[in-house]
Structures are given as C-alpha cells and as structure tokens.
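Let me begin by presenting the structure, written as structure tokens, before commenting on it.
Labels A, B, C, D and E are assigned to the chains in the order they are written; within every chain, residues are numbered from 1.
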C-alpha cells in the first residue's frame, strides 16, 4: 500500500510536472517544473529500490542539470518570452503522433501487467561500483572522454572572442 | 505494483518528452523535453532491472551512463545556445534558418 | 607463356593515352605522333591477328587467362580470347580507330585531351570484344561511356552537352540492367563464375522464368546500344552532335557492341529466354528496318539521315539474329563489319562536307558533283554500298541476313525487304539533291578533299569494294564459329 | 577452245572501264575510249568464237565452269554447315546468242558514241560507264549462279543510273536516273524474295542444280509459283513491264546511244533473259506462266497504244520498246521460248538501229521534238535509209527481221489463246502505225522548223557506219536465223528447259495451229494498212487530219498522254511514302523519344521535384534567409511566429514513421 | 576477461588526443599548426598498432595463400584479436578501424590547408577529431549496447562541436545547432529503445541476446533510429545537408565518411548478431529504408548548386548503397560494406579535397563552394579536373574505379540473395547519380573558366590527401584483389 501511494504520488508529480514543462509559456517556470519532474523520477527510483540511482538523480539531474537550465534560461531570457506562445503550430500533429506512440507503448506495457517484483530490493551501490570498475570499466573511462569532449565544446562555444584569430573569417 | 505501471509511466514521460521536443519553440525547451525522454528510459531500465532481471545491476548502471551522457549533452547544447544567443540573440528554433537547399 | 597479343592490342592505346597525358599541351606534333603510333601499332598487331587466326576452329584463340580477383565471393579472371565472332570486330575496331584518329587530326581545340579520351575509348571498345569474363566485359563496356561523354560533349555540335549526357545516361541505364543480368547469371552458376564460356553451358539448369528475366535485363542493355526500337532515339542526336571522328566510332564500333552482346550473351547463355523473345525481336528488327529507313527518308540533315540509316542497318543484324540460323549469324556478323566500314566512311564524308560548307542541310546543296568530283564519287560509292548494292560489301551481308531470317520469318522478312528500297530511295535522293542538278552558286569555290581526308576515306572505300567482291576474306574467319554457334542448341 | 575463256567476256570490259575511269585525265580528246572499244571487240571476238564453236559442234553446250567464290555458314537440311558459294559461267544456246548480241550492239554503240559524244566534257567517264554497263550485262548473261546474276542485275541498274543521269548538271536527268533506279529496284524486291525462297527450298543458287531440283519436283508448287512471280517481278522492273514501265520513257534523258544500249541489248533485255534463263521455274508453275503471258500482253498493248501520241522521237521509241518487250514476255509466257529469244535478238538489232538513227537525227537538229523536224530525208539520207529499214523491221514487214520473230510469237500465242492473239495482232498493227508515224514526222515532207532542219547535216562515218551495220543485220538476221530453224536449234542446243517444253507444246497444240502463211499475210496486210493510215495522217506538211482525229477521240488521247495514269499512281505512291516518312520522323521525335528517353528523365524529374519539395519544405523554408540574420533581427521576431520550426518538423516526420511502424507491428 | 590490451590502438589514440591538449598549452600562439603534425603522428601510431594486429593475416599483406577460416579463438587470437566483456577485436572491426583512421588522416591533411579553422584552435580541433575517431573505433568493436551507446555519444558530441567550429560563421552555428537538436533527440529515442531491449532480453549484450516479442522489436526500432541518425539513413538524414554545408569543409569531409561508416559497421554487427537469432524479420523495413535513402539522396542531389550540399546528399545516397550489404547480410554483402567503406573514404574525401582547393581561391565569392568554382577547371588544371572526374566517376560506380568494385559487391549480394527490387533500385539510382556527378564534370570540361579564375593552388596537405585518395581510387579499382581478400577475411569474423 505504501508502495502504491509512493508510486502514484511520485508518478503523478513526474507526469504533471512534465506536462507543465512542455506546455507552459514561461520558460523559467518550465525549467522549475523540469526540476520537479526529475525529482519525481528520482522518487520512482526510490520506490524501485535503486538507491544509488535515486541519489544520482537528485545530484546530477535535479541538482545539476535542472539548475543549469534555469541559469541558462535566466541568462538568455527576454521579456517577450513570458508572453509569447512557446508552442509551435504543429502541436496538433505532434499530439496525434504522440497519442499513437503512446498507444503503441502502452499496449506493449500491458504485457507486463502480470509481473510483480520478487523479493525486496537489494542495495545496489556496491554492485554498481564493482561493475563500473570491472566489466564496465571501458565505458566508464569512455564517459570521461565524452565529458572531456563536452567540456572542450562548452569552453569553445562560450569563450568570448578574444583575439582576432589568424586565418578565421 | 506491477512492472506495467512503471513501463506505462516511462511511456507517458517519453511521449510527453517527444511532444515537447516536437512543439517547443525555444531550444532550451527542446532540451528540457529531451531530458524527459532520457528520464523515461531510465525509469524503464530501473524498473526492468528490479522486476525482470534482479540478478544484476546492469540496468541501473546503464541508467547512470545515460544520466551522464544527458548531462554532457546538456552542457554542449547550452553552450551552443549561449554562443548563438551571443552572436545573434536567438533562441528560437525556427529563427535559425540560414541554410537553404 | 604465350605472346599476349590481345593484351597488347588492347593496352597499347592505353599506353598511348598515358603518354599523351604526359606530353605538354603545346607540343602538338608529339601528341599526334604518340596517338597515331599507339593506334597504328594496335592496328598492326590486329592485322597480325588476322593472319595468325586459325580459321578451322570455333574455339577461343589467343586466350590469356590470369586470376584477377580471387576472393570467395567474387572470382574474376583477366580472361581474353577471340573467336570468329569477335576477332573481325577487334580488327574492325583497331582499323576504324586509326582511321578516325587520322580524320580527327584536323581538330584544333584541346587536342591533347581529345587524343587522351579517344585512346581510352579504343581500349574500352577492344576490351569489350575480347573479354571472356563477364566482369571484365562489363568493366570495358562501361569504360567506353566516359570518353564518349567527353568526346561528344567537348568537341560536339551546338547541342553537344545534351547529347552527351543523354547518351551517357541512357546507355548507362541499359548497362546497369546488364550488370544485374550478369550477377544473376553468376549466382546461378555452380560454382559461381563470371567465365562466359562456362556460363554458356549452364543454360540447362536455368528455369524458363529466370531466363526470360535475365534475357530482358541483358537485352535492355544491349538493345539500347544497338540501338533497337524503341530505344534508338539517343543515336541520331548523339551522331549529329558528335564530331565527325566520333560519329564514325559510334557507328562503326559502339553499335556493334550491342549486337555482339545479343549474340554472345542473350543467344548463347539464355536460349529459352531467347526463344521466348524471338517473335518480339523479329518485330523490333522489322520496325528498325522499315521505320528507321522511313525516318531517314524524312531527314534534311545528312548526318541525321546516315544516323537513321544506321538504325535501319542494325535492324538487319537483329533480323538475322532472329532467324536463329548459321546463315543469319554469318549475316549479322558480316553486316557488323560492313556497316562499320560503310557507315564509317559515310560519316567521314559528311564530316568533309560539313567542314567546308558548315551545313549539312541536304537542301542547301546542289550540283556538287561537278565541283568536287572525288568527293562526289566517294560519297556515291559509300551510299551505294550502304544501300546494299551488289559488288559492295553491304550486299553480301544484307543478303545473308535476309537469307538467315527468311526460313523462319517469311512474312517479316518480306516486309523488311521493303527497307531496302526505302534505303535506296533516300540515299539516291540525297545524292540527287546534293551532287546532281545545276550547281548551287553558293558553293562555286568549294575545295575537293584534301590528303588527310583521302587517307582516311579511301582505305574504307577500297575495303567496301574488296569485301563485296571477295567476301571470303572476312567470312572465312567467321564460318566455323557461326556453325558452332548455330549448332549450340540443336 | 575459246569457250574455256568465256569468263573473259564480262571481265574485259570491266577491266577496261576501270582503266578508263582511273587512267589518264579527263579530256575531251582522251584516247581512253579506244581501250573500251578494244576490250569490247575482244569480247565480241570471244563471243563469236563461242557461237561458232557451238554452232559447229566443236564445243558442247551447255558449258559450265565454276570456282569457289566464298563460303558461309548456313543451315542446310536443318544442320548448320559451311556452304560453299561457287560462281562461274554457264553457257547455253541462249547465253551464247545473248553474248554475241550484247557485245555487238555495245561495240557499235561505243563506236557511234565516239562521234555522238565528241566534245563532251565527261567524254572519258562516259566510256567508262558504258564499258561497265556492258560488263554488268555480260556478267548477267554468262553467270551460272543466281546470286551473281542478281549482283550483275543490280550493277546494270547502277550503270543505267549513272548513264541516264550522265548529264547531271541538268535538272531532269538526275531525276530520271533516280526514277529508273528506284522503279527497277522495286521490281528487284520480287527477285530478291524469289532468291530467298530459292535458297530456302532448293539450297543452291547454281542454275544447273536448281534446274535438276525443280525438275525432280522437290519444290512445292506454291513455292514455285511464288518464285516465278518473284522473278517476273524483277523482270518486269528491268524489262519495263506493266506497271513498272514508267521509268523507261524518262530514261530518255540519257545520251541517245545509251538509250540504244539500254533498249536494245543491255538493260531491258535482262528481264526477258532472266525469265528465259530461269524458265524451268516457270515451266513448273502454270500460274506463273500465265501471269507472264498476261503481263506481257498487257504491257504490249498499253505501251503500243501510248506510243501513238508522243512527239518526242525517243519517247516513241521507248514505248515501242516496252511494247516489244511485252511481246517477248508474252511469248515466253505462252511457252514460246525460242520465239521470245528470237524476238529479243532481232529487236536488239533494229531497236539499236532506230535509237542510233534517232540519235543521229537529234545530233543533227538538237531537239527531240518531232514537230520541229520533218523533211530530213534529204539532209540525212543515210540516216533516213537505215532508219527506214529499222522501221520496217519493227513494223514487221517481210523480209525484215522483225517480221520473222513477231510471226513466231503470234503463232505461239494463237496456239495458246485466240483472245491474246487478237490483242497482240492489233498491237502489232499499232506498232506499224506509230513506227511510221515517227518516220513520216521526222523525215517526210518539209522541214517544219527551218531553223533547225536547214542546218541539219548528215552525221559522220563513225556514226553512220554502225547504223549501216545494224541496218544490214535488221535486214538479214530474221531471215538468216529463221532459215532452217537455225536459231531454234541453236538456242535449244543447250538442252534449255524451254526448248524441250516447246517441243512438247508443239505436239499438243498441233490440233489448232494456225497456218503460218495465212498469219504472215494477214499481219503484214494489217501492218501495211496502218502504215498507210499513218501516211495519210502524218506525211503531209501539217497534220490537221491528225488533229481532227485527236479532237474526236480526246479522252482517249488524254488517257494515252497521261500514260494511263501509271505515272501519277507511282508519284502518288512516292508522295505517300514521303508523308509516312515525315510522320515517322514526327513520331520519333515527339513520341518515341519523349516516352522512352525524356519520359524517364521526366519521371525522374518529377520524383526528384517531389522529394526536393519535401526537403525544401523543411530545409529551405522558402524564405530567402541568406543574410537576414545580421540585418533584421527585431523584425524577424514577429514574423517568425508564423514561420515553422524545421528541425522539429524533421523529428515529427520521423516520429510519425516510427509510431506508425510501432502500431503496425 | 577484460582484455583491454586488445584495444591498445584506441587507448593510445585517446591518450594522445588528451596529450594534444596538453601540447596545445605549451606551444606558443604562432606554432599551433605543429599540432596537426602531432595529430597525424598520433593517427599514424594508432594506425600502426591496428595494422600490426593484422600483419599475421595471410593473404592480406603477404602472399595470396588461402585464408584460415576462423574457428573459435584460434586464428583470431593469433591475429591479436579477441573478445573483451563488451567488445570484440576481430578483423572486421580492425578493418573498419583502419578505415576510420584513414579518413581521420585525410581529414587532418585537409584541415592543414583549410582556412576556415583558425590556427589558434588547432589543438582543440585535432583533439576533438581524434576523440571522435576513438569513439568510432570503439563503436565498430562494440558488442554491447552500452558501449555502443556511449561511443556513439562520444562521436556525436565531438561532431556537434566540430560542425560548429567556425564560430563566427552563422551557417556553421546553425548547422551545429540543428545537428545537435536532432542528435540529442535521436539519442534519447535510442536510449529508450535500449531500455526496452534490455527489458525484453535481460541484457544489453549483443552476443547473448535473444530478442523476442513486441517490446524487443520496438526497442530495436528505436535503436535503429539512433543508428539511422548517425549513418544518415533516410528519413533520418535531414540534418545532413545543413550540418555539412555549415561545417568547415574538412569536417564535412570527415563527417560524410567516418561516422557513417562506423555506424554502418556497428549496425551490421548488431543486426547480424540479433536478427538471425530472433524470430523477427526486419528485412522489409531495412530494404525500404535502404531504397528510400538511395533514392532520396540522389534525387535531391540533382538540385544542388553547392558542392558541399551536393556531396552531402550524395553521401546520403552512398549510405543507402552501403546499407544494402546490411539488408542482405550475406558474406558478399558484408564484404561489400567493408570494401565500399574503404574506397568510399578515398573517393569522397578526394572529391572534398578538390572542393577545398578550389574554394580557397574564392574567398571573395558569396558562396565559395558554389559549383561554378569548377567552371573550366580542365583548362586551368587538367590533372585536377581529371582527378575530380575520377573521384566523381568512382562515386557513381563506373569501372574500373574503386567505387565500382564496392558497388559491385553490394549489388551482387542483393542479386545473390534475391533482393532483386533493391538491386534494381540501386542500379537505377546509380544512373541518376551520374547525372549530377556529371554536371560537375560538365562544368569542369565543357564551360569556360570564370573571369579572373586562376590555376588552383594546392597546399601540401590537400595535395597529399588528393594524391593518396586518387591512388587508392585507381589502384583498388584496377587491382582489387588484395582488398577483396582482406574484406573477405575480415567479414568472416562476424557471427
């Protein structure tokens, strides 16, 4: 029962906030709701007993990404953003597509109606650590390269043009 | 709670993400929607791991990777948007329209 | 290792092309010398081939075979050889190339590039006739396209670009289907092979449906080249726009590749498909003959007229093939040679008049015979040869064509004999309008042919008479092969 | 034995023609013609020696000798094998006679031409052509192989083309030459098909072997009939039988000696000769025979009637030739092998004579129009005299040559069918009429065009001597050859098919044969009557009576002058062909090209447009955005509201695809 | 069983890429170009390490003796190949790694002479280039969806940045942004797909997976989207023209080749591993996509007036040809993928090299990459015109150039596996493609040069790249045996 309450509240939080993210006009609000939605997802992780994931979600997503988004929005926001429609004119077609996809996916999900969790969730932090430094060491290291590349890109794009660089147009 | 509930939740989030990605007019809005999609995947992974394949933590590990990758993408994306904003003060997708076929 | 005669014949022009490429643009003499030498040596070697050719066997001769690609999935040999069907065509190719090259010495612009492309073209043409490996065959087949594109497109007439790309795309469209056919055959053979001789032996294992489809794929490729109705419309355009020497090559050699292919591939490898297609083939042949001739009759442009007459003449070849008899095959094979010589000469001569008068409009002339008797004589001779006058080469082959087709297709043959008279009509009309009657004052000081032009045309004129009087020279090369060809499926 | 060397007969003139054509420069006084004349003389010598040998029995006829020409792969008996095409000579009686006639006439014509063509710019070339012409004809005569016969047949056509169009600087000759070539070529189609049939069913082109095959009855009757008709078709073209005679009157555009050669010995004789040479085919097919007879009959009558009206001296002669050829054809058709060939021979002499005589006249008065002549008998006595002989021969007045040969034909025809006989007799009378109409118009009375006639002079010896020789021959040949059935036995000595059949026919027809004397007398009387009629109409100063007659029968005259509409018919045919050709050209450019070439391109283009449009919708945005970014940011802000987001459209599109697939699976 | 030593070439390359960053800091401003040299050196080392693994392979570099068939770990192990937890180093991946490295080398050579990238950025640029190369090399080795996902992301992120490298060029920015949005979207879809796949099979490994059921299928479809995006398969190609036109040309050249080929290789591995094992048949879908890709790319290319866009669309079509090998999935098709990848690198980058060389003269023009740069090239520089012609003809698949050999294999496999429709579509497409390739030749040979056009100058880098590409295009067209044997050897190691 507890599980159900937790699930439905968290799921509701995630879904409603997500809807707010994609429908609201004010981008700042959107970003805030994104944080909420991500937090809802973190709650779901908690319900699932994925403790490390729960923590990471809070740390990385809610604490990192969502905040970054809010910063970005604030940085680049304009007055008009608050009043302009934030949805383009294809929303109806998009809605249709989404409905179809949702129908397909939910139909697929129905197949799992019968499966229930076996046993209590085991703490996952330790096995995750083993995995990351064991079998998954290569992707783990590779992710560092991904982050390096992203960093390089971020530096490159956000750096102010300082010197008139040679040869550039 | 059955697995179906989680999968359905993932599906709904995913679809909302798609909807947002398809309809938001600002780049940041699109980025946010995409984050929702990533999260949907993560829910799936965690749920599957818990319900169907509880013997390991591969699903959760994957979710971690996805999280990191998403973070990296957000970083690059925001930097890019910032650069463009600085250059021309444009964050709306449809305004970026220089290239023609 | 035997003396690689065929390789030398084929690749000496390539060496020439590379040599030309290395020479500086301004040293025209050297370029001329290199190009002519390459072509001439190739021709000389093919003359040797003529004398060394064993006329008593239908087997492939001068065979060269080396592994080229020896992977599991694709086994390709560098496999050359000639028999009585291809050897005369090889000789024709080297001869016409040399002659066309001589005729193109008058080209003033971008001569170096011209020689380069021309020699590459020669390599491709020779290779097509010599290849016994399908892969190699296709490679050479395609090699001919590119130089032709440039030769028409750079040195052609007013609509040259359109003609060039039309030629390229259209023949390419045909040849890619041929590629599909080649591959289909390849996979049907067990073990998979591109060896054309081996593929001739597997038809027993091929289903009727397969043969029909493969036939159509190949036919599409070859028919465009022939060109068979209704795939012929690229030809007049290409001919009209191409420079003289290239028209010569186009008519004399390139069209033969189609007929050669139909004989070598469609007939030898896909007998059931061939049999199934025969009624259509003969119909197409008749249309080619009669319709081609009629179209030629309505032309005012000399070159276009000759081009359509080519369509008519290739119709004879198709008709002969449709006869499925040794006689027909001989006729077709011989007709290819003769058409090459005769139409080559005609295009050269049309080029001669165009160079001087800058028009090819039949109506613009009149009475030239009095002014340029040598030209008029050679032109009339070629026209008469082309309309199948006995004593000239065309007659024997046309006759053999009809003779070959007649036992099987009496009515069709009878109808296509009409083509002969239409041909006569338009050639004579052309002669009448251009050479006879009162001299059109506009051409009062038209010069007669110069030495270069004579050197290029006279050998052909001699050949067309010589082969008409003494066809043995050519037919003996073919006979054994034709007998064995006709006996393949008895 | 001279007969061994008979292959030289055609080759000598051929060599001569090449020598003349390529040797020396084109000069008005080139000595080259003598090469031709010498070669011709040598050929004549050989021919005469052959005839002599054969007549004396020193050489056995038929004589055959052949060599390998070429070989080709052929399916004989269903089995592919190498067929050897052999070519050589086959001399039987008819061939021997023809050799003599052709050589002789040609020699005389060449000598005559020395005078006639004197001063022409293309003097040398003319003789080259003539030699070539003769060579072709001789080749046709001697060859034992039908392919060679056909080849020579066509070469005859070409040389006639060259000769008729000899004065190509003028308008008319080239046209006439082309007409002659094409018309005969039309007939050749039949010949060609016959050749195809022959090889397909008999597997050989050797005349001797073919004869054996046919006589053994190996060929189905239907095929034989078709072969016969095909050959007839060819012969009709060359020998100007109805309806293919239209070329012959136009062929008068050539130099007159050429006309003489064409009409006497070479070209038109070829058709008759072909039928005679391939007589075994016709004998095997009654339908073919009958067709030959009727074709000949109709031609004889039509041409004879058409000869009544023209004023061009050569045209009259031309029509008369056609008519006479009809006689011969008719004779062959009714089984009169000997008679036909006999008439061919005698006709060669007197027709050559008439043409050369006419040439002499034309040479003198520089016109063909007989209305401008008249009274030339005084100015050109030799010509007049010889031409009178010719006319008498043509009209069939005894004892001139034509009488004997025509008599034989009429006898034969009577045996075959009285109706045909009646028509032929009437035609023979017409012959007498138009012949003498011509003679009277030309020579009688006073000169109508003094300007021309008064300056007319008798031609030189080089022209008159051939006339005299021919006149002598016209006078005696009939009688001499008829005497003791010399001609018949000689022609038959080769065991020619026709002769044997004729013998059989004689026996069968003995019942209703006509009395030769009665026939001769009747026909002669009729001819004389018509000559008298001609005299009354045309011998006077003017021809008012003729005019009155004409106005009386105006429609008939019109019909005759229009040549029964045959010309118009063929012109219409040509016109039709032209229209079809133009239609074809249009179809080719507008339909075939569009459908099979440009159509593909168009299809491709449309597909490309569609996909491009699609891409353009997303990629292009149809907004000329280039450069706006830096300039017009504020304004864009509003306008962008109605613009669309492309990247998202891409994704939308993608999502549609994926979701649809998700549903479908 | 980590076997990380098998990946020494990737590890070394990655390390050297980071080393470049360090070197960037050390070098003075004016000397940054030397970093290109260092990057080339890094590629060279990696290439050597990769190649040395192949050295024992008989019939590839040595004499043409029959190849030992791969049985278990035997000969493969002898080749320095082997399997790690998530990856497999086998001749198949080695082949594609060499292709990737080769294209990186060529792209670096082009970069050296291209003015669009400021010298001061040489360090980060070449670092990113090498990082993406590392990503691709791992991508073609990966046998687990995790590694595939992560390496694909590395490639993507590096590419986003590379495309936007002309920071002040609006086109570059725009291209990069579009590329990014679309890339992120498809990554998310792919991630979701992987999650579904994981649910259905319980693992992310390709080796053990037995995908069954609707969820697995949907998962696979979503995964395909990710690959399709990377390999620019229609209809996931829309980013291509904009990104290609906006990117600095060497990057365009690089992107049109390497990521595409790597993704194709990985896709081939994925599908050969999964599809025969499961009960689902993706052939129809794949062949539809394949046909669509070819046709779309070619048809739209007909309209392009900009050489970069033209080559961009043509590269979409080329991806379609390569995909044929995946659709058929037989030995010949897989070999075709390899052979075509190899030659495609040479001919496509060769064409780009000439485009770069010509654009260098047109800095004044509104669009230096307009097709009219090629006007009258034959009279300005016949060798350049001929080289370009050969590249284009090779792209069109005209023998005896290398492109034909590849196309022959691919079409051959389509015919051999009875995909006749696909084969017909492919050959018709190559006819269509000839039209626009020839339109470039038309400009080079049939038109007069623009006023003031000069004889194009070739920098050493471009010259080397073009010469190398030309040599490969010609040599392997005429003597394809070695390449064929090598590809055959390599393709045998796929499951």
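By definition in this document, a residue touches a chain if its C-beta (ideal position, glycine included) is under 8 Å from a C-beta of that chain, and two chains touch if they have at least 3 such contacts.
No experiment lies behind these values; they were computed from the predicted model shown.
K.L.:
Please find which chain has its CA centre nearest to the centre of all protein CA atoms in view.
P.N.:
C
K.L.:
Among the chains, which one keeps its Cα centre farthest from the Cα centre of subunit E?
P.N.:
D
K.L.:
Counting only C-alpha atoms to place each centre, which chain is farthest from subunit C?
P.N.:
A
K.L.:
Return the chain pair with more inter-chain C-beta contacts, choosing between C-D and A-B.
P.N.:
Higher contact count goes to A-B.
K.L.:
Distance between subunit C and subunit E based on Cα centroids, please, to the nearest Å.
P.N.:
Distance between chain centres, rounded to whole Å: 42 Å.
K.L.:
For subunit D and subunit E, what's the span in angstrom between their mean Cα positions?
P.N.:
75
K.L.:
Could you please state the distance in Å, as a whole number, between where the Cα atoms of subunit B are centred and where those of subunit D are centred?
P.N.:
Computed value for the inter-centroid distance: 94 Å.
K.L.:
For subunit A and subunit E, what's the span in angstrom between their mean Cα positions?
P.N.:
31
K.L.:
Would you mind listing the residues of subunit A that make contact with two or more other chains?
P.N.:
84-85, 88, 90, 94, 97-98, 101, 104-105, 108, 111-112, 136, 139, 143, 146, 149-150, 153, 155-157
K.L.:
Among all residues of subunit C, which ones touch two or more of the remaining chains?
P.N.:
169, 173, in rising order.
K.L.:
Name the residues of subunit E that each touch 2 or more other chains.
P.N.:
If we look for residues of subunit E contacting two or more partner chains, we find 146, 150, 153, 157, 160-161, 164, 167-168, 170, 178, 181, 185, 189, 196, 199, 214, 218, 241-242, 300, 303.
K.L.:
Under the touch definition given earlier, write down the residues of subunit E that touch subunit B in their complex.
P.N.:
That would be residues 146, 149-150, 153, 157, 160-161, 164, 167-168, 170-171, 173-178, 180-181, 184-185, 187-189, 191-192, 194-196, 198-199, 202-204, 241-242, 245-246, 300, 303-304, 309 of subunit E.
K.L.:
Within their complex, state which residues of subunit A touch subunit B.
P.N.:
Per the touch definition, subunit A meets subunit B at residues 3-4, 7, 11, 14-15, 18-19, 21-22, 27, 30-31, 34, 37-38, 41, 44-45, 47-50, 52-53, 56-57, 60-61, 64-65, 68-69, 72-73, 75-76, 81, 84-88, 90-91, 94-95, 97-99, 101-102, 105-106, 108-119, 121-122, 124, 127-128, 131-132, 136, 139, 143, 146-147, 149-151, 153-158.
K.L.:
Would you tell me which residues of subunit E are touching subunit C in their complex?
P.N.:
64, 331-332, 335, 378-379, 382, 386, 389, 393, 398-400, 404, 408-409, 411-413, 415-416, 420, 423-424, 427-428, 430-431, 434-435, 438, 441-442, 445-446, 480-481, 484-485, 487-488
K.L.:
Of all residues in subunit E, which touch subunit A in the complex?
P.N.:
The touching residues are 2, 4, 7, 14, 18, 21, 84-87, 115-121, 124, 127-128, 131-132, 134-135, 138, 146-147, 150-151, 153-154, 157-158, 160-161, 164-169, 196, 199, 213-215, 218.
K.L.:
What part of subunit A is in contact with subunit E in the complex they form?
P.N.:
Where subunit A meets subunit E, its residues are 104-105, 107-108, 111-112, 134-139, 142-143, 145-146, 148-150, 152-153, 155-157, 161, 163, 165-169.
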